[in-house]
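Please find the structures below.
The same chain A turns up in both complexes below, where it pairs with chain B and then with chain C.
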Partner chain A sequence: MDLVLQLIVNGIINGSHYALLGLGFGVIFGPTRITHFAFGPLYALAAYAVWTAAVPLGLPLPAAAAIGIAAGALFGVTTYRLLYRPFERRQSPSLVVLIASLGLFIVLENAIGIAFGSDTKVIPNFNADVILLGPVVFTSVQAAQVLALITVGSLLALFLKRSDYGKAVMAMTDNPEMARIIGIDTVKVATLAFALGSAIAAVPAMLILLKEGATPYMGFNAVFMGFVAVIIGGIGSLSGAVIGGLTLGLVENLGTWQIPTEWQSTIAFIVLFIVLLFKPRGLFARGAR
Partner chain B sequence: MKKAIAAILALVLLAAGAARAAEPPKDPKSFPIGALLAMTGQASFYGQVMSQGMKQAVDEINAKGGIDGIPLEAVIEDHKGGGGQDGVAAMNRLISIHHVQAVLTSFSAPTIAVAPIADQQHILMVNGGAVSPQLVGLSKYLFHNRSLSTDLSRIAIAYAAELGGKKLAQLQWQNDVGDNIVKIADPLWKKDGGTVVATEAVAQGATHMDPQVAKLRAANPDIIALWTFNPETGLALKRIRDFGMKQPVIGVDFTENDAKIAGAAANGFHFANDYFAPSDSEPWSKQFATDYKKRYGTDPDFYAANYYEGVYVIAECIKRARAKGGDYWNGEALREALLSNPKFNSVYGGQMVFQPNGVALKRTALFTVEDGKRKFVKFLEAKE
Partner chain C sequence: MDYLLHILVMVSLYAILAVSFNLLIGFAGLFALSQAAFFGVGAYTTAILATKLGLAFPVPLLAGVFLTAALGMIVALPALRIGGDHLVIITLALQIIVIAVMVNWRSVTGGTDGIAGIPKIHLGGAPLDTPARFLPLALAVAMLSLAIAWRLAASPFARAVRAMRENEAAVQAVGKNIVAIKLAVFAFSAGLAAVAGGLYAQYISYVSAETFTLDLTIYILAMVILGGTGNLWGSVLGAVILTALPELLKFVALPPDIADKSRQVLYGLALIAILLLRPQGLLGEIRAPRRRIARAPAAGAALESDLPADGRVTVEGKGLMRRFGGIVAVSGLDIELRRGRIIGLIGPNGAGKTTAFNLLTGFLRPDQGTVSLNGVDLTGTKPHRIVRSGMARSFQDLKLFPRMTVLDNVMVALPRQKGDNLFYVFFAPWIVAREERANRGRALAILDFVGLGERAGDTAENLSYAEEKLLVIARLVATEAQVLLFDEPLSGLAPNTLEAIFPIIRRLAAAGRTICIIEHNLDVIRGLCDTAVFLDEGRKLAEDAPERLIADPALAARYFG
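Take a look at the complex of A and B:
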């Protein structure tokens, strides 16, 4: 019983991480419909930005965190304006944009490796507190991962429901053509979506930096899980992305309760498979094609 | 009659003399030495230190005039620390584009994959990092100057037995290296009445190992064994302590990168390793370590030392083969040169001898981690 409880707690913690990634990816994918593979290395870059601020520059962690989020947003917006926008202007098919994103993914990953080296970057002398709650154990960083989801999720929900720009993002997610017709500046909203999504991605990035360190290749898993979370949850539904992420985390951890842990990575895909089999558009899809 | 004998003798001597002088050596412009390393990917730390050791050796030898005036060239190809496919592609590039005749290899999976190519194309291979026992006897061109994982695990288990405690939990690499270690360690531990309460596997390159560590914790072991390498060792050490487990942990590898990842969680970790320890009593080891530190700013570990040493082994083989003359710049001649005298100077100190199975026995020892740094504990006999 103790093991199951521990696995559930771990599932919620990892699920929060995936949910945040799903939110970041989903906020970009919903309104723009761009399969932003470069989300992965940009997430890694945000982690490296935090590391650079904290270690070589020696700034305190909160300042480094703020820099990381700002850097993330900046990288996201730059990618949109310099790479994707020219394709959008030429009305290129989405496949072309996907390939461009993949190309950027490869270039960025290796650029990070060349610039920072391939060893793992950690924040030295950072020791997370170990918290024991009955039979369950977790660290302060892991608790922060769950708190981050609650905080970022709530703030995002507020923004999308209450502010004008937020409503514009939801409108574009629903129907980009209609949004343009009624006069929404779709380029501005798309830029905002990239800024928002990338800033959100910086949060799990820096928590992973604290938890296990940053490597140039950390981005692949991030964009992959974010993508799967969005697909499970349904495109356009941010609460779906959260549920998708949490589901992934829980299945990954609980799934190995009785099954040997060698099957860990396989289980995530089996879940994706089953969900898509019964609900091809995801659990909570919204928006026109 | 005497004249005839004298004439025949003269002819014989002449022929012998001519055979002696043989053909002059067919020299290439340079000796490209290939390397199959993990330059990218999760395990790229290994590629980094191995290539550094290799390049230092090449530069050193060339500074002294190369081999009989002909320079060496280091040609490094990336197999990404991954599987056979990348290894084969890299090996093919080395052979067809760079025309290497000797290759330094690393990582078990790519080495196993390229062994048939080495056989086909007659390429000498020296392995300084891969540990799978499947590599022994795989190819007559494959030689090792690194202790295999099975030997290391025997030492780790011997130490675990010293600690007392009966229940062992294992976390292994999810590949044939991990499988082979478990195959040896598992029965070895059980032989003296111990039990294995959990065996979990983590994929190479995975950073998420919470379920595995949770299951290890639930099994309530006395001792935890990490049959993993960088960076999974460092990550596992951190997660184990994150989960509040205080049991002693044993293992078979620990690099500077693992130390960085694990931080304070690594203290107290005991592992078996090749005994490379630069000391004044072994001048070559001292010179290598000092120069390495000057070049790269960090102390060398035994991986860097093995690949530095590997270049010198190949260089020695080239020298021997060239002395015989003729068309010597090929893997077959180099292999014969190696086997003609399997004793080579070792940068660890003293000499190492390549056994008939291709493995050069090195001293292995028990180390521990104190303040994030590795510390020699003692020489330990492997458990049989």
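Take a look at the complex of A and C:
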């Protein structure tokens, strides 16, 4: 029983990480419908930005975190303006944009490897505290992952529901065509979505840097999990993305109760496969029909 | 010298991979990202069978091909219902699962060490253990693979595949089974990738999971995009360029790790540059040029068979009901269609007319009620089966195949094509060729019947609006269905054009077709229909001769209100 409890806690922790990635990916994907594969290496780049600020530059961690988030937002906006916008302007099919994104994915992933080397970058002298809570054990970084989801999720929900820009993002998610007709500057909103989504991605990136360190290839798993959370939750629904991410984490971890850990990711994808087989629009798709 | 020959072997293998990927994304428009996984499963299967069981070429390779083809079909399953981003994510998931199996199933796959010491292929008693000895085999298999892909791409099956890429609903509406088409394309593409995998395993003698990652898929994708999607020669060219060019990097003194990464950066940049500068690729898809189609001397009759226009009831919809969320689109609808009669379906926007068509033709399943054709119950039958049983429909928004020729738009709709069956395509090509000649004659006769004979060689997107409407009729006639449902076949046309289309529809009725038309123009209903059915808010309010229906003040108020 204690084992199951521990697995549930682990599931919530990993699930929070996936849910944050789903929020970041989903905030961009919802209004722009760009399958932003480069989200992965940009996430990695944010982790490297934090590492650069904290280790070679020797800044304190909170300052490094702020730099990482700012850098993430900047990279995201730059990508949109320099890569995706030209394709949008010539009204390229979404497939072409997706392929371009894969192109950027492979460029960035390898450029990071060339610039920083392939070894794992860690923050030296950082040790997470171990917290014992009844029968379950977790670290302070793991707790931070859950707290980050709660904080970022609430702030994002507040922003999307209360502010005019947030409402514009939601309007564009529901119907980009209609948003344009009622006078929403869709380029501006898309730029904002890229800034927001990329800044959000910098948060889990930083926590993973603290937890496991950064590698040039960390982005693939991130974009994939974010994308999967969005698909399971249903495109256009951010609360769906959170539930999708948490489901993914719980399934992965509870699966290891009976199945060896190395098959963890395989279990999650088999679940994904089955979900899409029976509910192709995701569990919480928005809108009728 | 060996180095150069080695590059040629690799070019051959990549050419097979690029061609296999092109069939999937270029021809079928199915964007999957698992080609490296298919390649890897082929390679591992061959490696395991050749190393552990000592089986001799080509048994391990063929086993790999069949296993991978089956895997391709399994992946296609969720993709059958929804494409686009879902297919991307499903195929990525497969990619990850395949790598996980390679790394974790240690007893069979050797885990992270991979499988080393895979025996070389022996042909004629001699091992193919150098690039020089392996190259002839690699070239021969590459040529054979290309020939097979070429044959596929030129077959009637490929015409249906291209049509599916342009419009899935329309290709179902002409009686094609898109599930079968997608499964076949996936199986074929995966199997072909496994051919390259099998050769690779026994050429390099070593397989390891890290070869078969997403990066490899992107690399192959770059070849396909560079050469041009939908063009098989383009894929070969792309494979040649992207395999040979990076070798030049070897002459720059860089540490191997950096050199490898720089190569990947170059692929990525090349991919983006092509998409920006020349999205159709170096060669671009071969499109049928505008040409005069040679006429077969005896083109045959446009209408395969004449049935008595005796007014017998053919289609019966009983108590049809369909809800969308809280909205009832059609409720309690009884409708009878009769042989040789033209029935008009009128009513205000949102009355449920198109929904009624969707219910009759299987595009929507009724929540209640039944549909039967000649007394056979068709409720819940798939659209393509209903077309084959004899009821076909057109779409309000036409749904032509714009990038195909006018002739191909019609030919794809002809029923019972043996050329849709890959067995006939590959093992009885003469039957397919004979059938194609006959079908061409029939398609031309149908085009003549609607007055589009002269435009047969044009691309459909170059037609005028009126001609597009005629092509819709021609494509519907080509299905040889006895019941033809036209969704606004005449809307937006000038009065003199209408006059030209009326006789076509009347002749269809006279030849014993059962016809139902959705129409807003009351002059058309008056001029063409024998009976009219008035629908509003999903219910049938009246059915009568058009004159009397239109004269009814209560209905007029609803219609114009």
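Everything below uses one rule, namely that the second predicted complex is superposed on the first by the 285 of 289 C-alpha atoms of A that agree within 3 Å, B and C clash if a C-alpha of one lies under 4 Å from a C-alpha of the other, contacts with A are read in each partner's own complex, and residues count from 1 in each chain.
Here is the rule we go by: a contact is a pair of C-beta atoms (placed from the backbone, for glycine too) under 8 Å apart; a residue touches a chain by one contact, two chains touch by 3 or more.
Just so it is clear, the model here is predicted, and its values are computed rather than measured.
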**Message:** With the two structures overlaid on chain A, would chain B and chain C clash, or do they fit side by side?
**Reply:** clash
**Request:** Go through the superposed model and pick first if A:G113 touches only chain B, second if only chain C, both, or neither.
**Result:** both
**Item:** Contacts of A:S92 with chain B and chain C, given as first, second, both or neither
**Value:** second
**Prompt:** Is A:T215 contacted by the first partner chain B, the second partner chain C, both or neither?
**Reply:** first
**Request:** Kindly classify A:I270 by the partners it touches after superposition: chain B alone (first), chain C alone (second), both, or neither?
**Result:** second
**Prompt:** Taking the superposition as given, does A:V122 touch the first partner, chain B, the second, chain C, both, or neither?
**Reply:** first
**Request:** Kindly classify A:L83 by the partners it touches after superposition: chain B alone (first), chain C alone (second), both, or neither?
**Result:** second
**Request:** Pick out the shared contact residues on chain A: the ones touching chain B in one complex and chain C in the other.
**Result:** 110, 113, 118, 260, 262, 265
**Item:** In the complex, chain C residues that touch chain A
**Value:** 31, 33, 77-78, 81-82, 84-86, 88-90, 92-94, 96-97, 100-101, 103-104, 214-215, 218, 221-222, 225, 257-258, 261-262, 264-265, 267-272, 275-276, 279, 324-325
**Request:** Can you check the complex and tell me which residues of chain A touch chain C?
**Result:** 35, 83, 86-87, 92, 94-96, 98-100, 102-111, 113-114, 118, 220, 224, 227-228, 231, 235, 260, 262-263, 265-266, 269-270, 272-273, 276-277, 280-281, 288-289
**Prompt:** Given the complex with chain B, which residues does chain A contribute to the contact?
**Reply:** 2-3, 6-7, 10, 13-14, 110, 113, 117-120, 122, 124-128, 130, 132, 137-139, 142, 208, 212-213, 215-218, 221, 252-253, 255-256, 260-262, 264-265
**Asked** Within the complex, which stretch of chain B touches chain A?
**Response** 39-42, 44-45, 47-48, 174, 200-203, 205-208, 210-212, 214-215, 217-218, 231, 234-235, 238, 241-244, 256-257, 260-261, 263-264
